[in-house]
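Two complexes follow with chain A in common, the first pairing it with chain B and the second with chain C.
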Partner chain A sequence: MAKKRLSFDFVFIYAVTMLLIVAILSPVVIILLGSCLNTSFLGLSSEQWVSGTQGIFTLKWYAYVFKLYGESMAFSLKIALLSVIICLVAGVPGAYVLSRKPFPGSRILEELVLLPLSLPGIAMSVALIAAYSRIRGQWWFLLGGHLLYTLPFMVRTVTNTLRSFDVGRLEAAAQTLGAGFWQRFRLVVLPNLRHAMIIGSLLVLAISWGEFNVSFLLNTPLHQTFPAALYGTYTSNSFQVSSAATAIFLLMIIPILIAVQWIGGNELVSVEQGA
Partner chain B sequence: MSVLEVKSLSKAYGAVAAVSQFSHRFTDGKITTVVGPSGSGKSTMLWMIAGLIAPDSGSTWLDGNEVTRVLPERRDLGMVFQNYALFPHLTVRENIEFGLRVRRLGAHERRSRAEQTMELVRISHLQNRRINQISGGEQQRVALARALAIRPRVLLMDEPLSALDAKLREELRSELFRLLQQLAMTTIYVTHDQVEAMSLGNELIVMSQGKIEQVGRPLDVYRKPANKFVAEFLGSANIFEAECVEKEGRRQIQLPFALLKAPSYLEPGSCYVMIRPEDMEVGENGDAHFMAAFESALFLGNQIRIQLRVTGQRIILDVRNELELKKESPVPVSINSEKVFVWAR
Partner chain C sequence: MKHRRAVLILPLLALTFGLLIWPTVVLALRSFQSTGDILQASSAAGFSFRNYASIVVDPYYRGALLHSILLSLFVACGSILLCLCPAWLFVRKEFPSKRFLRALFTLPMSFSGIIVGFIVVIMLGRIGFVPLVLERMTGRPWLSGLAYRFCGLVVAYIYFEIPRATLTLESSLRKFNFQLEAAARSLGANRWQRLMYVVLPLILPALLSAFAVTFSVSLGSFGVALIVSKRFSILPVELYDQLIGFLNTGLAAAMGVVLMLIAFVVNYSMRNLGRSEEERLG
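Presenting the complex of A and B:
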């Protein structure tokens, strides 16, 4: 029987991987700990509203954050959900046209849609303010900024799927079977885009929820997104409150990212089998 | 049953004429196979009939009505595509019911028609499977069933067997033959496979470079090809340049190595002579024979194709017996004048 030997290579790679994981996760762990540890336990009881609580763990920071930033969270959620809806309504038909019915200049248009991704957020925001100074301060102006950043993800996801299998041939088959344009779109194109639309929506949701640049520069005192508010927290509030706010932020975004990974994997499999 | 007629259909892509001046009246209730090498325009022609490609000029007529500008979804033509184009998000049954669903047929009618069609092509046991859960041969049947379920006026088939391996293709070909004869539906069957074209068609159209080379019953086209292209494309052929001459008061064909009786229709002058490999024999029995030098042999299973050389020309001929031949050894070859086909040059 061959003796199993731990090779140096294996140990080295294992150690490096572990170090990396620790390095990546430690800020998250510190934030999570900071968000729920009782400061009196740590011996820092200077803040007046801490007194009176006992024990190591506490959820009072969370309660405080909800009280303080509930409105921002609701506003962020509203912007994120509206972004998803508008991206679906505008992005899916748009992607269909771009990949199935190309017209002169459609390639350029497709690149233009992707352009905001390569611009620094601050440049984009300043440009937006300069171009549309009149409507600055309206909450939907901020929504417009978010759409510039989220639409490319929906369009890209959908055009990629449309180009990964022969939709043209499926549509031709449906047509010979008697299906008109809208029937083909509804019964053949959309069902085959289901996965792409789910992934696109999750990406849009995650990006809009976490978007900082545009939110920070376009927000108004009345309409502040959660990430912009988070900045305020870190600059003017205690570490515990900031940690709790960040934890809420992460708790919302991590399930979305996991879902994207999970569905994304299945999507690839189903496209391969369908081809 | 429906009468389909196309008049001078043409389609060009840039400077390349994919189909030019294609006219034909497809025989009612019969199977017309269209064969040609890739790029001969046969599929483009079929897609134009389906309405999926707009012709540059010409017209399509269905039962006496012009349908050239009618949308494909209003033509009631069933089409089977090369890679089947089945809907991956639907089950076998849902695929077959698709055409009935968009026609807004009731659930009961849909179900009974789908069941009928599935029985016809023997896929009832697959009805709840997804497309990616069935084999290529099964997908082919589903595609056929889906096209038949709408009870089309004409059935169009675009290389339906080309995606399958040889063994399966042969099996499905004979099954398809039975089924299509039984349906007696006006069918246009496009293929690049000459065996499929000859065995499935009641009528055969040979196309090349967007034009019809010949139309006729498969046997007639095989026996009497209109030109060199058709002769060489359908099966194998030995083609020689020859002269038709008057000798001793009789018209004869002068080959470099033999003298044959000329058919009555042939005028004196230059001509091409075609002899199929199976129409020559080793021996001295025919009404003309000559000696040729053996070059090589190819074992084909049921027969041996031997390659010979005579007066600098290569000849292929199929023999059934197990000939033992040595390189460069002389072989007697005989030809029967009735089996040769001649056309003027």
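Presenting the complex of A and C:
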């Protein structure tokens, strides 16, 4: 009797999980198909297809999107890479101090660093605009918003790693062998954090590439991030062009996420929050 | 020793102050200025609560605020209920494609809101994929245009909360001692009793933290609504309109402060509740 009930639970859990998998995957599949298939083949027609292209498969829309939004893609990529660099430079040493050398107020600082994850992105972008209205037109102003929402991921990944093993003992060993502070940091601490730094960087890259809530308001007409450009596509372009643009967005993000899981292995990568 | 520590922490400290504390202070001050353009950094307008008053008094803004809170509430509850299943599966079962599956479940997290907006339109719009399929099968386009209703917005938001809910629940469920449930069963508790008196109290902290996460993310997200909500408004979209459309910075700032306060209060109270619950259970 009990066994039968248990199996009902299993069936339910598997069914809901399958439903979620289908719900996650089906739009992605439709977008990928829509970006490269002739839609008249599916029994739908659109004006663009009446004139010209024959056949089922085409990459015409990709070429169009690259021509149209190549610049904003490059800009997004630039912002994402700069975010990674700054997060590494500011986040890793900071996380080291927060977890290994706490000082009065370090808990509060850590809470503050993680706080943006639970603050509405749009509110923070208004705050940034209000505080720094003078430099609003600069392209790097956008970087501020991105850092606000990517830094927590780097800091948390690194502090989690530092708290999961006793790096202090390794440091003490190095110290008895005569290593100075900077030597220890460079030769003992950083190599042990390589794993965490790679995962953190990948997360920062993915979050920054997809960030919309903050960057939409911080965008300037001359420098648009790719997600902000996507908004323009959705409101003014055809299904095929929108699909191709979205497909490019996805093709960038999917390998990153798979890499995060692969490198992270069975340790749960803490990606609990984010905008 | 001290100065080395200071050197290492300084960049993080500077970024936190420059990007979080100072802008928040300015935002709070600005929200009390009833008029003032965002381009004039030092426009001397009077101190008043008029902006906050208008959010509460004006039925349109009040409606947007209520919609926002309701939406976040529904989305948080819905995504937690759905995502308990995959989270439980990830914790309890070992299967070969687990990493790939987990990567799949993190996929919607990096979708910006607008992409989810696009997805919900092509799936549940007037001629979306689901209505088309249902029309083929049943002869009637069920669910057509759902995307533009409140329900559609809830579905869309749940879509991008799936990763957050699943991962938060998974990391908390890992601490759950599943032997306790088996023990309760051996003591003769039926399924309902086990759920109510053993499982639920034990996973309550996990549920609370997942609620806080999903609630506050939904509260601040506006990409989806920017694309699909035409008949009703939510507060982030209103904020965007005030800032870009009417250049009414004071009101936009007040809305930002309201959103922040709600998110903060929910997070804080959920965490305290979870902590006291954990202490109670030992």
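Convention: the second predicted complex is superposed on the first by the 233 of 275 C-alpha atoms of A that agree within 3 Å, B and C clash if a C-alpha of one lies under 4 Å from a C-alpha of the other, contacts with A are read in each partner's own complex, and residues count from 1 in each chain.
Keep in mind that, in the parts below, a contact is a pair of C-beta atoms (placed from the backbone, for glycine too) under 8 Å apart; a residue touches a chain by one contact, two chains touch by 3 or more.
The model shown is predicted, which means the values in this text are computed figures rather than measured ones.
When both complexes are superposed on chain A, chain B and chain C sit side by side without a clash.
When both complexes are overlaid on chain A, the residue A:191 reaches chain B alone and has no touch with chain C.
Applying the stated contact rule after C-alpha superposition, one finds that A:70 touches neither chain B nor chain C.
Set against each other, chain B and chain C touch different numbers of residues in chain A, with C touching more. With both structures placed on the common chain, the touch criterion links A:113 to chain C but leaves chain B unconnected. In the superposition on chain A, A:91 makes contact with chain C only, not with chain B. Here chain B and chain C sit at a least CA-CA distance of 11 Å once the structures share a frame through chain A. In the three-chain superposition model, chain A touches both chain B and chain C at residues 270, 273-274. Interface of chain B with chain A (complex): residues 50-52, 71-79, 81, 83, 85-90, 98-99, 101-103, 131-132, 146-147, 150, 156. Every residue of chain C that touches chain A in the complex is listed here, in rising order: 1, 4-5, 7-9, 11-16, 18-27, 30, 38-41, 82-83, 85-86, 88-89, 99-115, 117-119, 121-123, 129, 159, 162-164, 167-168, 170-171, 174, 185, 191, 212-213, 216-217, 219-223, 226-227, 236, 239-240, 243-244, 249, 252-253, 255-257, 259-260, 263-264, 267. Remark: chain A residues 2, 5, 12-14, 16-17, 20-21, 23-28, 30-31, 34, 86, 89-91, 93-98, 101, 103, 109, 112-113, 115-116, 118-124, 126-134, 144-145, 147-148, 151, 155, 181-182, 185, 206-207, 209-213, 216-217, 227, 230-231, 234-235, 239, 242, 246, 249, 253-254, 256-258, 260-262, 265, 268-275 touch chain C in the complex.
Across the interface of their complex, chain B is touched by residues 165-166, 169-170, 172-180, 183, 187-188, 191-192, 194, 270, 273-274 of chain A.
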